[in-house]
Each structure stands twice: as structure tokens, then as C-alpha cells.
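We call the chains A, B, C, D, E and F, going by the order they appear; numbering starts again at 1 in every chain.
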């Protein structure tokens, strides 16, 4: 079995208890997470060989990250130790009618300052079936933009599939900057997670008319994108309705071979932690693609995976294939 | 006032915090509970003299159980100290779209190894109006099957009413084994808690046709059962709709004198802990029967009791009659 | 900018964890709160100069209150240190189908025993635009009834607007006592928070006919009241539907210049803490009045403020104007 | 076996976490305790029939106290429900170089307002071998002074031994007041816990010369007291050296039949909670007296009991006779 | 680098908070530990390749153990999943004058029921320099006695050094049983951890005369043992003085080539957790032996390692070589 | 009363629970602290008007700092909001034989990037008696070196006394760099906290001979320094003996008018938190100087203040003058 490699930043996340404002909190919960690390962890729970490539400081926090990844069965050989600091962020956990708020403190992190010269791409990609990166990685530095592009090229050469999640973060760069960079990366991408807003605001496709269903609009966008980038084999995204910070509805979409597939609408109430929900969807999709399931099965599985993520504290989706399949058919009994 | 005696196993329950997987938890909450103990505790809160008969190891855990029961006003004279170990179970508390999961570690417990010779049935049943046992007790050992049967016989002789809750647990025995044993016990039972699935899979009554309402089907099953076991004066059960681990709907049913009675449908959202919900329903029913209320009042009260249980951590329903009555008419105001 | 002064009692509140009965709790959370203090804290978060006038014992609990108010940017010059004890109350926090319960232990408190002679009204009201008091204050002692009346008179003389929240508490006095006292105070009030029940049971207006809408009934009551007390410029209240302890619906009402204005109906689910929700509404209204917004904007803002309060542990509404405005248009996205 | 009855107040105690100032604490631990309750609980752990006579409010706090006492195997038939409030106190837990600090909030408590007319002394003293009261009880109200005196008289008549612990609290009354009252009670006392300071400042015996050893001084005081009150059969006290809030040294003394007995000096380091240490000493002494041990054995046992109390959070000494005996010979091995 | 394999049982340990009796605890901390697992984890922190061989149930607890070992960098390929249950134990954590108490609940565990047929010894010992087992393993079942003997023989054949820690547990078997079994194992042992009591009560050497120093007595015992079992190259033990549960003194001893070496006496005050202290000493010794340090350096390092263990919650010694070396020279500065 | 201004950085400190390694911690406690802020907070508790001048980011963490300072009665008008990030540090709390460890993550903080142009020195120093800065401030940036020098000059001109604490941090700059900068600052300093190591390694005075007492050596160093900088009126430092992370001994020294004064040796056992102990000593000294106490009284008070700091979690010394005076005479009784 070839391994899946994800490349990106992992952060310390400090989160408040429910019902507390950050400014008054004096006890915070520490989790480690980041979009690419989350995907690796999720895939490892689903039984895959995974490795995470990153850089963290050589101190007890870096050690904590290594321990976390190992516990989760993600290979850490590609995690470099060194550099200035660990990126962190603060999550004021929302509840009910008050949304969560994030304060980033991730500049100057060891990973954001890594340069191509630190890496041996062939080692990174050895024995690898899929490379997964998100748009957060190139958003971190000029040097990472170049590096991601070079890495994607090398992956293409080595027949490693490239999975990319646009993951636009307005606090990291502008839509214009992101669009420019991402359009340079798209020609190398085989599996692409991007949504309606990305299509319009990053890739500048004209807004689809309002009278169309969401699914039809998405189909049209994806059709346009695959026309422009025929290298893209799978396109995926979720539609999230925010009834409140504790109550969402989620639908998954998967596009492949000129067809779009849609999961049922999952009602997600009593949300514990929605951070990482998108990463869980990506991991679920990759799992289905690797397993060579049919698109309907993949999108159902991936959406159910994302749903379960909302019930677990921390960024990572610590669930088994069996649990996700049971969620697809919605059994909520106590099993005793 | 004569006392109510319940006879069964009490376990240490280790539960996770909400949003945590058991495999990653390093802080667990300890409660003591078990179907028969829960009924005794519940009835004690409603003002009854109750005693719990069981066996726990003679160590600080056994002592903890004695302290718990005494605090809850349940007599502990019939709790024997000795034997090998305390049965335990692990409860991974679910939330929203993820159901709770139970791992049992109850084999070889002091109670499961108790034998008839350890007990003086006449002492156990002295000054007693009702004896309550559930199907978990005979599921624990061959010796307990015999003992329950002998105890029921003795109760019949002494004019002690026998209350029995089928409480089938697939992790303890097969439907076939359970059916055989329970059918041997039924001739002694006066008050019986069993549901649609028990009727079909344990007692082998033919499945009622789908076009009937749930209530009508249940009526037919109960009619058949009381035809076969005319000693049964009351039959009771709840119908639970699992919208999610945090959101259920519950309806109570009570059958007596060839009539079936039904509570309103209670919406139970924001569930804290549903373990023991069935025991709370049984206790509520026994309370109503002892008070000689009319069946409509009994089933409403019992269902409201069960509803309140879902708002309290731990197995036991720590509520007063007044609070349950207020729940029947759904007042959720802060009282200040 | 002139300051807003609130005058009343602040209590230590001991609250249980969710899902715990008070009688079994051995860890309680301590917050400081009281209707008038809550309004002051709320207004301070909205950028106003505020001062709280009260009396607390001269010990480490009194010190804790001073520290809390200072942290929240409320001036404490008018908080006297001395007297016998700090009033306290116990809040058994409800959840889902079980409502919260309050035990008051506030008699003999330093504040309840304060007398007019302790105070210099002109200092208290110096440089003040609005004085806010609630019906809890006169409910505490004979001496406070006189004192509130005298203080209101002095405010009128000094052209300080008087804001009054009826805040009837059945555990403190009877409807008859309250009605008698409040009718003596009403002639000095410019802004009055009182609801349908107050109109009928305290002020003895005839019950409006059932066929009218809630809004129309309220309009009629307010019309009658302002006919009797033309000094009242603003009347305000909320209508709360108690679906459960965790799920309410809230609508705000504001009456001014013979017209009544109504917010949209806010669905408040997954409630963390509803204590202080009324105080947050009052503070939001005062904010809008000071800002000279139109009545529609005021009532929307005030209701959204109250909604946000339900997401925060403790009595006080620790939110900014910007967050309330965002709530008015219901954005629940994580901002990252 | 006749029972031991203790009569006094039980309080809610709110304690801080170690290293926290009370004024900044927002999480407090709730224990129930009081000198007489502590003695009853301690004796119950040592296997005695005990009952606690008191009055607590009829609410969920009063219920919590009943549950606590029952769990600890203390009979609660003599605990009356009613009155205004539960006395409370705040314990800022010291550590190392900072001592603990107590804020009392116990005035107006249900117990302090109880009057003789509420009680049936013969019922209270039925089937009783020893009645234990401390000086805190008469310090609470005029009515309790009279009541304690009357109760002691009745005990004498009924041949119930009277145990009395001077337990002087400067925050409750002056030395002068206490001396006057206690001298009225002493003629009825058979077992008396009082120390050097009590002898001088309450009972006005001349200070013994400095050149004497502590033991000799105490012998002289006790000789003088038993000369004046020949009814006193046992006199007891501990000498505590305060090296720090976490490190004390403790020696026990017992006087009987004109001889004084002394325990070894126990080093108590790493103190968890010293509240109730004196009550544990009294309970240990009463245990030894009932068991009819020799005075050397009694004082060693009682002091070892008090030492163990310092290792347990809360007021009560939750240890068995076997554990205390093992402490007498200082085994600190993990037993596995 | 060849790996070190340890073979034994790993348990779930539930420990109380400091100052709490187990019988009153409702929150327990879960750690995983066992003598052999602790040695493996400790050696992994010191930079060695280690593997733990054991059997745990195939459920979320077994998964938790796998995650723990992986996080600690111990290979888990030799951890089998299956069997009936996970052994557990309860640790009532002592403090100051009250010692810790252990309740074992480890019978019927998956590991205790493992049989030789489940294992492939050559795979277990492949590429291995040292095999470490303790006396707890053969104490668990007849089958494990045979298995350990067979495994030791196979190790001898394969030139794998055998390290054995007598680790006598009176709650598992009698001294007589243990002595018989251990004497059968000793001929295969190269590195042996056993103390004075083991020499006398398990191996039946005559008690050395009292006038000798502890070191001389130990020398004599070890001389006798190596005379009888010349295969033993290293003998090691610690002498622990129990000043209290929080304050010990520890001296390490190492015997090799007919000479005995002794560390300085370490004062260990303010103990956090002494469980696993012996395992940390063994791991430190093995580290020094592998590094080929001189005996003085080894025994100092191993004792300092054990000392540090006492400052860390849980069974395992999570410290680096650098930290232990710094402890040898006792630097307690904050490093900033 | 003129105010005291302190100028420096305030950090978020994340500390572990006792007995936990940082790498395994998932719950951290958040305190705000920094040498200069700690001195301001400490002086405010002693009744002084104080202001803290600094810069923190304009987000909920910056707000948390403002709230903390206000609660502690420190004026925040001089705390600027803006810049990139809040400096943080991680404190792995040691215990017993394991020392605490600090990881700094303070680079690029808002304060470290502040420049002279951001500040109005005359406003900063208006109505000020003492300006206090530590050597950490110039260690943070080139720009802060210049700024501190300019600020000191301006203070001299305005007759504001300058207090300076060398506070050398090897993780921030080299001894050489620090020496060069600090020697530039010394000519403006009136009150100087520096110890033996500073004298030798920063200011290059020859090491005093070993046969001298510590006090005599310190006298000689201070004599040399005041010869070179006659502007220095007070010199102060503590000598700390590190028996363990939980047990220190502390002696305070104060030099003025060519004489040296020394406190008694305080034994500090059972340490809760020693961070900020030096700042507490400085604050205690400044308090004594302002009060115009004699040097013996000052140094005793300051050392007792520092001792008490060790009993409180967090950086700040939350104690009153009365409590410190009581510590000077070592009363550790519970006050009740």
C-alpha cells in the first residue's frame, strides 16, 4: 500500500470552554491541528498509511506535535524540527446564537519560514499515491508559493496524484492574491476541493443565475473549471447552512466525469466542534476514491464523515470507517 | 408502609466528557448504577421505603456503593460485601449525530457469582410489597437464572407482587437464551415492562401488521401476552424516536385490565444522559400503581419521570414527585 | 459624556454544572450579578461611562466584586464597603426539559440594610444622564422603598432621566405590596420596563381580550399606562416562549410616542445561561435611546443583545455593539 | 450498642483551590461541616451508632446535608428541616507560608435560631451513651446558651455522659462572654476538650510559670480544673506547632485520674486540609474511651486520627480504625 | 541499533485526586501502565528502539493503549488485540501522612490468559539486544510461568540478554510460589533487579547480620546470588526510606564484577507520583549498560532517573537523558 | 499622591498543571504577566496609584489584559492597542526535584516593535514619582534600547525617580550586549535591583574573594557600583537557595548610604509559583522607600512580600500590606 502525504502547517489551538469569552478565560484547551495534518490524521483512522510533512520548533511543543501525530498513526519522518516558533491560534468557541471567533497568531512560524532548500522532494514523495495540500500553505509565504508549485510539478512527474483544497482564508491573503497563485497551481491538480465562492471570487467565473438550483449552479461552475483544467478528475465541496453556531445543515457534492453527485442533507445539531469539518470531508472523499467506490457512495461517506467530525473536540476526525457507515444510515442508539 | 426490594447488579460506570473519544480520554467520571439499583433510588426519591439486594466486593469501591445508596435513602442491609470484583462499564458519551457507546467489563463480578445459598429469601422479602428484578439479572449466570426463579416463587407465596423489566441486552445473551429463560419467569410476574421487540424476538409472537398504529400493535401484543399469562396485571413500555443522541421523542404506554393508555409525546432535546431512562419509567409506573392512580395519570407521570432523567448525569433519576408533576405540564421557567 | 448610574444589590451567585442537582454538587461556579449591576456592566461594554452604586461587605468577597466591576470598566466609587454580609443565591442550572431553580439567601445583606443617611444623593447623581433601578431594590427593605422614592425625586429635580425595570420577584414580596410601592414610583419614571403580567397583576389594568394579538394587547396596556403616567417616554418588554430550559423564543417590544415597535422573533436554542437576559435587553434599549436611534432599530438591537446574553455564562452581557449588530443580521460563521 | 448524639450547627463551606486568592476565585468547592457534625461522622467511620441533632433549611441545600450525613452513616432523624438559611463560610485555603483565612457568613442560620421549644430532649437523648457539644453551639445565640444548659442537665439525669469541646471562636463571642457561659456548663461535663489558652483566658486560672514543660503546665491546669469540677473524668487537648500552613507538628494530651498522658510528636507535612483536625482528635478520644483502652493507647490513637485528617479534603475524618492504627506505627508504603 | 523488547501486562490505572478517598471520588484520572510497559516507554524517551509485547482487548481501551505507546515512541507490532478484558487497578493517591492504596482488578485480563501458542518467539526476539520481563508476568497464570521460561530459553539461544525485575507482589502470589518460579528463571537472567527482601524471602538466603551496613549486607547477598547464578552480570536495587507518602529518600545500588556501587542519597520531597519509580530505575540502568558507562555513572544516572519519575503523574518516566543528567547534579533553577 | 509608572512588556503565560509535562498537556492555565506589570500590580495592592505603559494587540487578548490590569487597580491609559501579536510563554511548572522550564514565544510582539515616535514621554511621566523599568525591556529591540535611555533622561529632567531591575535573561541577549546597554542606563538610575552575578558578568567588577561572607561580598560590589554611579541611592537583591523546585530559602538585601541591610532567612517550602518573586521584592522595596521606612524595615517587608508571592498562582503578588507584615512575624494560623 502506497502512502498519502500531506504538506502544510500544524498549529497549537487554544480554545475556550463553551459559554466563555476569550478575554475572561483563564483555562484554555490545547489541541494541535491544521488542514493538512487533519486530513492525514483522518485518513490514518480509516486505515491508510499516511505521512505529514511540516516543520515545527525543536522544543516541548514540537515534541507534543510529534507525539500527537504518532498516537494518531501518522508517520512523522517528514516533520522537521527547527525554526523560530510554533504558529498558534485562539478559538473562542461559540454556542447557539453566538458564532466562534478565531485570532490567528501564526506569523513567523517555523513552517512559514521553511524554504525549498530544506526539502528533498523525492524523499517526500517516495512510495506515495496522493499528495494533499491546501490553499493555506501557499498563503503563508512567497517561498511556500514557489515550493508548492515545484512540489506539484515533481508529483506530476512521479505520477503522484495531487489533491488540493482551496481553503481560502481572508485573514491570510486577498482574493486577488489567492486567485493568481491558485490558478498557477490548478494545472497540476487531480482532485480539487473548492466551492461556489471560490469559483466566483478566486477563479473569476461569472456568477450563475439565481433561478438555478444550488446543484445546477455548482455543476455549471465545475463544468467550466474542468473545461479549463481537464487535469482535474474530481471536484468536491459542501454546502453548509448556518442555522446557529450549534446547528448546521450540511450537503456534500462530488463532480467527476462530467456528472455531479449529491449526498442527502444532514442535520447537524448540538455541534461540539466544527473546526476541521471540511478536512474530514476531504479525507472521506480521498478514502472513497482510493477504495474506488462509486461517486454516490463517496459523497455520502465523505459527508457523513464530516458530520461526525462536528461531534468531537479538536480538529481531527477520530472515527472509523464502520462508524461513518453507520452514520450514513443514522443510527443513534446506545450500543450495549 | 411496606418496602420495595430490587435485586440485581450495580456497576461502576466510567463515562467520558462530552465530545471526547474514550480512547483519548484521561479523565473519567465515576457513577454507580444498574437497572435495579436505579429503580430503588428513583423510588426512594419519591418517598418510598426501598432496599437494594446485591453483592459488591469488600473494598473501597464496595464502600462507595454503600455510601451512594445510603445518601439516596436506599436501605443497604441486603447488600452483601464479598466476592471477586465490581462489574464496570465504560460509557463513551455521544452527542448530536454520534451515539453513545458502551464497553462492558462486568464478567466475574461479585454479584454474577452469587449463589442461592448466600441468600435468605424470607429475610429478603420480609415486610415487602413489591419485588423488582430485570432481565439483566438472569442474564449474568446460570446460578442467577435459578435463583431468580426461586425468588419469584417465594414472592408469589408471600404475596409480594413481582415486577419484572425484560431489559434485553444483546451483549449478555442471545434472544433465544433470553426467551427460554424469561418464559419460565413470566408466570410469576404481576407487573411487566417489555416492548414490541421483546414480544416478537423473545416471546415469539407474530409481528403485527404494518398498517396498524403503534398503539394498536402494542395493544394486540399485550393482549396476547396477558392471554397467555393472566397473572400479569400491568404491562408497560416506552417508544423512543432517536432523532439524534441529543434529541429524542418519548411516548409511554401502560396496559391494564385489557385497555392500553398512552402519554403525550414528549420532545426531549439537549439530552444530558439517557442511561437509566427506562428505569425511571419503571419507577414512575410503580409509584403510580402504589398510589393507586388511574392508568392515564400513571403513564403520564412515568413518562415525565423518564423525560426528567435525561437531564441528569448518572443513571439515577434524582427528582421529586412535585418536579415530575410540573414536567407533566411542562413548566420550564426559572423559579425565583 | 455624562455617566449612567445604576443602584441596587449585587449578589454572589453559586451555580451548578449542567446536568447536576444542587444537592449532589460539590463544585460550584461563582459569579457576581444583580439586575442593576448587570445593566451597568452591559452598558460599559457598549462604551458608556457607568457607575454602580451599592454596598458590599468589607472583606475578600467585597473585594472580589470591586475587582469584577473594575475589570468590566464600571466605576466603583459609589460602592460602599461595610455591613453584615453579601447576599448570595444558588442557581441549579437546568437543561432541556428541566428548568433552572434558584434558592435565595440574600436577607440581611449589607445592601438591604443600607439607609438613606448613608448616601449623598447629589454625589450619586452628579454628572449623570440616566439613573437605572429595578423593582428588586425597593423589595429588599422598607428603608430602600423610601430611599428609591427620594432618589427618584432628586433625579427629577436634577434632570436625570429615571429608568425603571419592574422586575417583580415573587420570592421577595407579594403582588399587592409591589403594586402599591411601584405606583408610588411610577410618576418619576421616564423609561419603564414592564410586561403584560405587571400591567395586570401589579398595576391592576383589566386583562385585554384574548382575541387580540399579543402586540395589540401590549399596545393597549402601554397606552393606558402612559395615559396615567404621561412622564413615561419609553416602555419596553420582551415576550419569551419557553420551549425548554435550553430553547426559547424571544421577541422585543418598545413603545414610545403612542406607537409600539416589535423586533423579529429570535429563536434562542442551545442556551448557556439565561440569567440576566432581561437586563441585557434593558441595557440595549438604553444604548439605543442614548444614541437616539429610531425605535425599530432600538428594539431590534436590544433584543439581539438579550439573545447574545443567553450564550454567555454569568449574569452579564459581555458583548460589543458590533457583535450585537452582527447578531441582528444573524451571522453565525466562524470568523477566521 | 447505645448511640452517640452530637448537637450543633452544620455549615456549607466554600473553599478555594490551593494557590488562589478568594477574591479572584470563580470555582469553589462545597463541603458540609461543623465541629459536632464532624465528630459524629468520624465516630460513624469508626463503627459507632451516631446521630446528629441540628436544624437546616428545607431546600436542596438542606437535602444535600441529609444526603451527606446518611452517606457517612450518621442518623438524621434529629435533623430538623426549616428556618431561614444555611450558615456558610468561605475558606481561602493557605499553602506554605500563607495561612488559610476564613470568612464567616453564619448569622441568622436556621440552627442559630432554633429554640428549646422545638426540641424533645428525651427523644434526643434516648438510647444514648454520650452527648457531644462544642462551645460553638452556645456562642450562636442566647437561646442556645439556655438550651445547651438544659440539655446537659437532662443528660445528667438520664446518665448520658456529656462530652464538651470548648472550641473558642473569637469571631463569635468575647473571651469574657465565653468564660461566663462555659463555667455555667462545666458542672455537667464528663469529658472536656480544652487547652492551655482556654484555661487562662476563659477559666481565668493563673498562667503557669515558663520554666515548666508544656506537659507539666497542662497537668497543673487540668489538676486545678478537676479540683473545681470533680465531675470531669477526662481532659484532652493537642499542642500544634505551626511551622507553616503546610507543615505542622502535633502532640496529643489526655488527663484522667490525676495523671497526664502524651502521644509522640507527629510531624504533619504536606497538609491537605487541617480544618476538623481538632474534631478528629475528639472523636478518636471518645472512641478509645468507649473501647475502654488505656489512656496511653487512647491519646496515641486520637492524635494519629487527627494527623490523618490533615490528609483529606473536607472537614470530616474519613478513616477506619485500622488506618489510624497503622498511622500510629507510621507505615507509608503503597499497599499493593 | 537493535531494539529492546519488554513483555508483560499493561493496565488501566484509575487514580484519585490528591486529598480524596476513593470511596467518595467521582472523577478519576486514567493512565495506562505496567512494569514492563513503563520500562519500554522510559527507554524510548532515552532514544532507544523499543517494542512492547502484550495482549489487550480489541476495543476502544485497547486502542487507547496502542495510541499511548505510539505517542511514546514504543513499537506496538507485538501488542496483540483480543481476549476478554483489560486489567485495571485503582490508585487512591496518598499524601503526607497517608499512604497510597491500590485495589487490583486485573484477573481474567486478556494478557493473563494469553498462551504460548499465541506467540512466535523468534519474531518477538528478532533484532533484539535485551528482553526485559518482571516477576509480575509469571505471577499472572500458570501458562505465563511456562511461557516466560520458554521465552528466556529462546533468548539465551539467540544471544538476547535477559533483564529481569523480581517485582514481588504479595497480592498476586505467595512468597513460596514466587520463590519456586523465580529460581527456575534465574539461570537465564543476565541483569537482575532484586532487593534485600527478595534475597531473604524469595531466594531463602540467610538474613545478614544487623551490625553490617546496608551496602555490605546487599554486597553479601549479591555475592551469594552470583555464586549460585554466575550468569547474572548485573544486580540492581534501590533502598527507599518512607518519611511520608510525600517525602522519601532513595539510594541506588548496582553490583557487577564482584563489586557494589552506590549512588548518593537523593531526598525526594513533594512527591507527585511514585508509581513506576522502580521501573524508571531499571530503565536508567539498562540505558547505562547499553551505553557502556562505568558502574558509578550507571547507578547515579538510574537513581536520578527514578527521582525524576516521582515528579510526574502517571507510571512512565517522561524525561530525557539531558534532564536526568541535570538532576544528577541537582539544578532546580527555572530555565528562562 | 503621585503615581508610579512601570514600562515594559506583558505576556500571556500558559502554564501546565503540577506533575504534567508540557508535551502531554492539553489543558493550560492562562495568566498575564511581565516584570514591570507585576510590579505595578503589586504596588496597586499596597495602595498606590500605579499605571502600566505598554502595547498589546487590539483583540480579545489585548482586552483581557486591560481587564486584568483594571481589576487589579492599575491604570491602563498608557496601554496602547495595536501591533502584530501578544508575546506568550509556556511555563512547564516543576515540582520537587524537577525544576520549571520556560519556552519563550515573545518575538515580534506589539510591544517589542513599539518605537519612540509612538509615545509622548511627558504624558507618560506626568504626575509621577517613580518610573520603573527592567532589563527585559531594552533586551527586546534596538528601538527599545534607545527609547529607555531617552525616557530615563526625560525622567531625570522631570525629577521622576528611576527604578531599574537588571533582570538579565540569557534567552534574550548575551551578557556582553546587556552589559554595554545597562552601563549606558545606569547613570540615570536611582534605585537599582541587581545581584552578585550582574555585578561580575554584566558590569565586570572583579569577583570578590571566596572567604568573605555573601553579605560582605555584596557590600563590596555595591560599594564599587555606587562609587562609579553615585546617582544610585538604593541597591537591592535577594539570595535564593534552591533546595528543590518546591523548597527554597530566600534572604533579602538592601544597600543605601554606604550600608547594607539584610532580612532574616525565610524558608519557603511547598512553593506554589515562584515566577514574579523578584518583582514582588522590588515592589515591596519601592513601597518601603515611598513610606520612608528605615532600611531594616524595608528589606524585611520586601522579602516577606516575595515569600508570599510563592504561595499564589500567577505572576502577581496579590497581597495586602497587612498580610505582608503578618508574614514578617510568621503567623500561619487559620484566622477564624
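For the reader, a short list of remarks on this structure follows.
Convention: a residue touches a chain if its C-beta (ideal position, glycine included) is under 8 Å from a C-beta of that chain, and two chains touch if they have at least 3 such contacts.
Just so it is clear, the structure is predicted and the values come from calculations on it, not from any experiment.
Think of each touching pair as a link: the shortest run of links from subunit C to subunit F has 1 of them. With contact taken as defined at the outset, subunit B and subunit C are each touched by A, D.
When the contact pairs of C-F are matched by residue number across A-E, B-C or B-E, over half of them reappear in A-E.
One inter-chain figure worth recording: subunit A and subunit B are separated by 45 Å, centre to centre, where each centre is the mean of the chain's CA atoms. Taking each chain's centre as the mean of its C-alpha atoms, subunit B lies 63 Å from subunit F.
Contacts with at least two other chains are made by residues 21, 23-24, 67, 101, 270 of subunit D.
Shown here, the protein chains touch in an arrangement that is not a line, ring, star or fully connected set. Under the touch rule stated earlier, the contacting chain pairs are A-B, A-C, A-E, A-F, B-C, B-D, B-E, C-D, C-F, D-E, D-F, E-F.
Across the complex, subunit D meets subunit E through its residues 266-273, 307-308, 310-313, 318-319, 323, 327, 330-336. Within the complex, the subunit B residues that touch subunit E are 14, 21-31, 59-61, 63-64, 67, 84-86, 88, 90, 92, 101, 103, 105, 107-108. The touching residues of subunit F, when paired with subunit E in their complex, are 18-21, 23-24, 89, 94-102, 104, 169, 171, 242-247, 270, 274-275.
Considering their complex, residues 67-68, 70-73 of subunit A touch subunit E.
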